[in-house]
Amino acid sequence: MENKYLLPVEDVNDDKATITRLCFNDGDLVSKGDVIYEFETTKALVEVDAEHEGHIFYAVKVSKALKTGQVVCVITNNPNYQFAISNNPQPDASYMLTKKAQAFVEKNNLDLKDLDLSGIVREKDLAALLPNGPIGHEEHILFLSRSRNDVSYLLSNPEFRKLSSEEKIEWYRIQGHEIGENCKIGDGAVLIGNKITLGSNVSIAEGAYIESPEITLNNHVTIGRDTNLVASRLKLGAFTKVGDRVVIDISGGRNTDSSFICGTNCLIASESYVNVCHQVELGDHVALSPRSMIFTHSYWQSILDGYPAQFGPVSFARDSWLGAGAQVLPNVQIGEGAIVMSGSVLAKNVNAYELVGGIPAQVIKENINKKLSPSKKMTQLEELFADFNTHLRQHGFKSRLHSARKICLDDEGSITHLSLSQAYTQEDPNSILLVLEMDETGTSPAGEIYAIQQHRAYGAPSRVGRLLTEFLRRRGIYFISSNYEQAYSLHSSTS
Amino acid sequence: MNASILYKDIYKIRTFEEKVLELFSLGHLRGTTHTYIGQEANAVGVISNLNSNDFVVSNHRCHGHYIAFKKNLYALLCELMGKSDGVCGGRGGSQHLCDGTFYTNGIQGGILPLAAGLAYGAKFNQTGQIAVVFIGDGTLGEGVVYETLNIASKWELPLLVVVENNQYAQSTPIQLTLAGTISKRFEAFGINATELSSFDVLEISNAAKSIIDRVRESSKPYGLILNTYRFASHSKSSDGRDPAEVESMRKHDCLQITERLLQESQIESIQGIVNDEVEKVVLQALEA
Amino acid sequence: MKFIESIRNGLDSLLGNYPEVVLYGEDLIDPYGGAFKVTKGLSTKYPDRVWNTPISEAAIIGMSAGMAMCKMKPIVEIMFGDFTSLGVDQLLNHLTKYAWMYNNQVETPVTIRTAMGGRRGYGPTHSQSLEALLSTIPGLSIIAPSHYHDPGRILQQAVLEDSSVKVFSEYKLLYPQELQTPNTVKSGLTLDVSSDVYPIAHLSNCEFDNPEILIISYGGNALLLEQVLLDLLIEYELSAQCALPARIKPFDPLQIQHLISEAQVVLVVEESPKCHGWGAEVVATLSEAGLLSGKNVFRIGSAETPIPSSMAQEEQVLPSAAQIMETISQILV
């Protein structure tokens, strides 16, 4: 049996009172009529008597201001009574973070201990406190730092473009930019930025012009001839290929958001145009076909003449594809795996796995993809594999289907094995690999690996390798040629 | 009090009210109007004893009170006609008059607090004014009357409450609505009251004089119950009373009773003056 | 200073400086000092001009008109706002009519002070906020300050300089609240009080006058809304501003139209029923001026039931911070 004593309302207007005296210790036995505590309202000191007998336990401390109706104490016959919930749940913190600020702290791993915070702290308050907080950072990525010698040098000196690839790379490295191994910057090509980071095997073709305060081109990115890329931030993920005479610009105005962010394995085909006055973002494995156009602003006329202003980002989720000559208008989001038919004009969002087309684009079909099980995929590949065997023989190879997943062939005396296998890679536990292995004698070229679902080929392609990729391309499986030199040497050798 | 002076006011009210009914029938007035025909001796008898700065608060049937107190026929008629020369610029009309310390309102009983408040103000400012409020017998059904009587008694306000008991509230005879007596109502609140059944303006005036003096001197409220009768219908609507009853009451016409106190020549001269005035006022008001 | 003290001081200074001011109502003399203790001490200090009345709301409201016509400045206390209904005939057919109906030959500068609002457990007939009901009476001014105003000063101003008939609504829960100034507002909030005769208090969780959320409300609702502003800030960093006019009738919402341009959500909050409420009037006026097109507009008020005595049930019937947060977050989050 526990008897709760709540702080009573003593005065009409008081919603609080202060406890001035607690007359016992926790656990003490009290009798009816004992004065158990005293409180003070704005008007008077009031003593409260026990109405029960038993052990008393106080839920509050002296001089604590309490709201009327809150528990002051309990009289119970349980000598070991414990209060379930504290009466004062709020610790007296001198500052409080908004939810956004909390997320910011976590994201940036901030230690708030030494920061002089008080009151309610917003995300922007924290950002401003940081030496390299996002505000400074944004300014940094927003504008080229003209005070930097290298930038003004590059902008004002056409001689630079005449340097060889090696000389240019050397120069960038001296200026503190990061350029990975095996990169190539073709004749007349130039990169202008405050912070340039190139991964390995990045290849920039002749006449390309890349200008952005922050340029990041990851491993195996290739940039085509006479391509012009200008943005507030430019980031291309590994194995992304940008074709010839592509234009990315910031007409419509420069913004903190005027960035072009592209995932891995993307294709931006020749003569595409992307306006990045607002952010344009491509997820992994997105393709923009030739002459695609993406706009992040529209209307030339002034709002003062009654025209609407329209600015907004555009985004493509992974695996989506924009058909040739299609146009995308501001504020459009394209869902995962969606297809936009050639020549369409896209003014509205596209849901994942939708096929849309027309002017303006309408939904033509939903759920266009099929989720195939790994075993089904293997069966399909085995059929292709058998066809490839035939294909090889037609090209004069002596080849033989050793098993459903293995071809043995004799390439001018060297024995090569081509095998299809399911493998566990870091990227995908269900990866399917086609492996061209050197023969036991060790005279054949180094092995080649084709990761089918990653669209990626590893190793310098042999004659058989080239035949294989060409064959599979026509069956709907492609591999990204990862290196400019390869791409162009292949190009020239087939023409 | 001089009978000829009182007669002049009674005759003025009578003539004016008859003219009002005529103008109504001719379409010069709109809305409604409650004439005072038959009750003139009450207003004249009471108000003739007031100072000009005393407060008079009246009700829907207020023309008589106004004429007895303010005498401005032209301003009253213009008000009835909705003209800008009216006492309230045509905003109030028949039941809502204000002129100096004279106020009326058309909500039964609601004027009592106003009158009590004015009495309070007079007492507070020590001006020596008193407030007189006129109500009908039917208005005794309103609760706010008793709230006010209670307060006026308790706070000793110089307030005279005149109940003009004309036996009817609109169409309803007093027997159907009034429990107990009127005088007991005052008594219950410790307010002295005098009840008078008279159509003689001199008698009313004399009674009113001593009461008004007492109110002023004692600064206490007082009740004056005047049993009376109206000859015209309640307002512009039809009269549901038995015509024989109305006819039988004509012998109590205060106008004739007062005439008996005067000489023929006096009467003629007063009537001539008043008729001229009313005619002039009507012409003026019609043109205003 | 507390809200109640500010009003008491205001009354004290009125009585002290102006012999024509009188203060009366039910149970307001010492030692009791009024049901909410607002007038405590005043009857002792001014025994001739502060007095108790019988329980006669109609009569005491009505009498104030007569006093006012005698050049007095009466202040009537009606114990609970709910009881003003007993005096509505006097307000509607008498007090607010006289000046106009008598062609401005009289003035009735009367102030009716009364305690409004719920959240005290007083139940259906002692918890209402009748401002909206009373606001339908033409010519009646309704003043309902919050603790972000200076209620005592506003009261003095109203009594001395405003010749209209005024209902001065005091929200019960505000009485013990400390008055807030720009320097004392809770961290995260800013306060800006306009310099109008009846000021508009702008309480905001951002520095700028173009909030994403504009809330228009008055009086004791400020208690709820300060919480909402903080919640919006902490949960979502949404900018919100709350405009609290000290006088809600007449109130021209176009006075705050500059705050609306950027707002995506416009919210009016009142504790009386939303149906036919004050908020409806505010929204209609803004809408007629073409200021609300394309905005999300909400009225938040009480349910169309009496106000329950039980705290839990009362919470359901009266507007709550949670309800407001939900309304906003459905649109903006």
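Things worth noting here:
Going in written order, the chains are labelled A, B and C, and every chain counts its residues from 1.
The criterion applied here is as follows: contacts are C-beta pairs under 8 Å (C-beta built on N, C-alpha and C of every residue); 3 or more make two chains touch, one makes a residue touch a chain.
The structure presented is a predicted model; accordingly, all values stated were derived computationally and were not measured.
Steps from subunit B to subunit C, minimised over paths through touching chains, total 1.
Distance from per-chain Cα centroids to the pooled protein Cα centroid is smallest for C. Most remote from subunit B, judged by the distance between CA-atom centroids, is A. Of all chain pairs, the one linked by the largest number of contacting C-beta pairs is B-C. Taking each chain's centre as the mean of its C-alpha atoms, subunit B lies 42 Å from subunit C. Centre-to-centre separation of subunit A and subunit C, using mean CA positions: 52 Å. Between subunit A and subunit B, the centres computed from C-alpha atoms are 91 Å apart. Shown for subunit B are the residues that touch two or more other chains, of which there are none.
Residues of subunit C touching subunit B in their complex: 22, 53-54, 56, 58-72, 74, 89-90, 93-94, 97-98, 100-103, 105-106.
Subunit C contributes residues 4, 35-37, 172-173, 175-176, 187-188, 230, 233-237 to its touches with subunit A in the complex. Residues 55, 87-89, 91-92, 96-99, 103, 105, 107, 110-122, 124-125, 127, 131, 143-144, 147-148, 150-151, 154 of subunit B are the ones touching subunit C in the complex. Put simply, subunit A touches subunit C in their complex at residues 11-16, 42, 96, 98-100, 118-120, 122-123.
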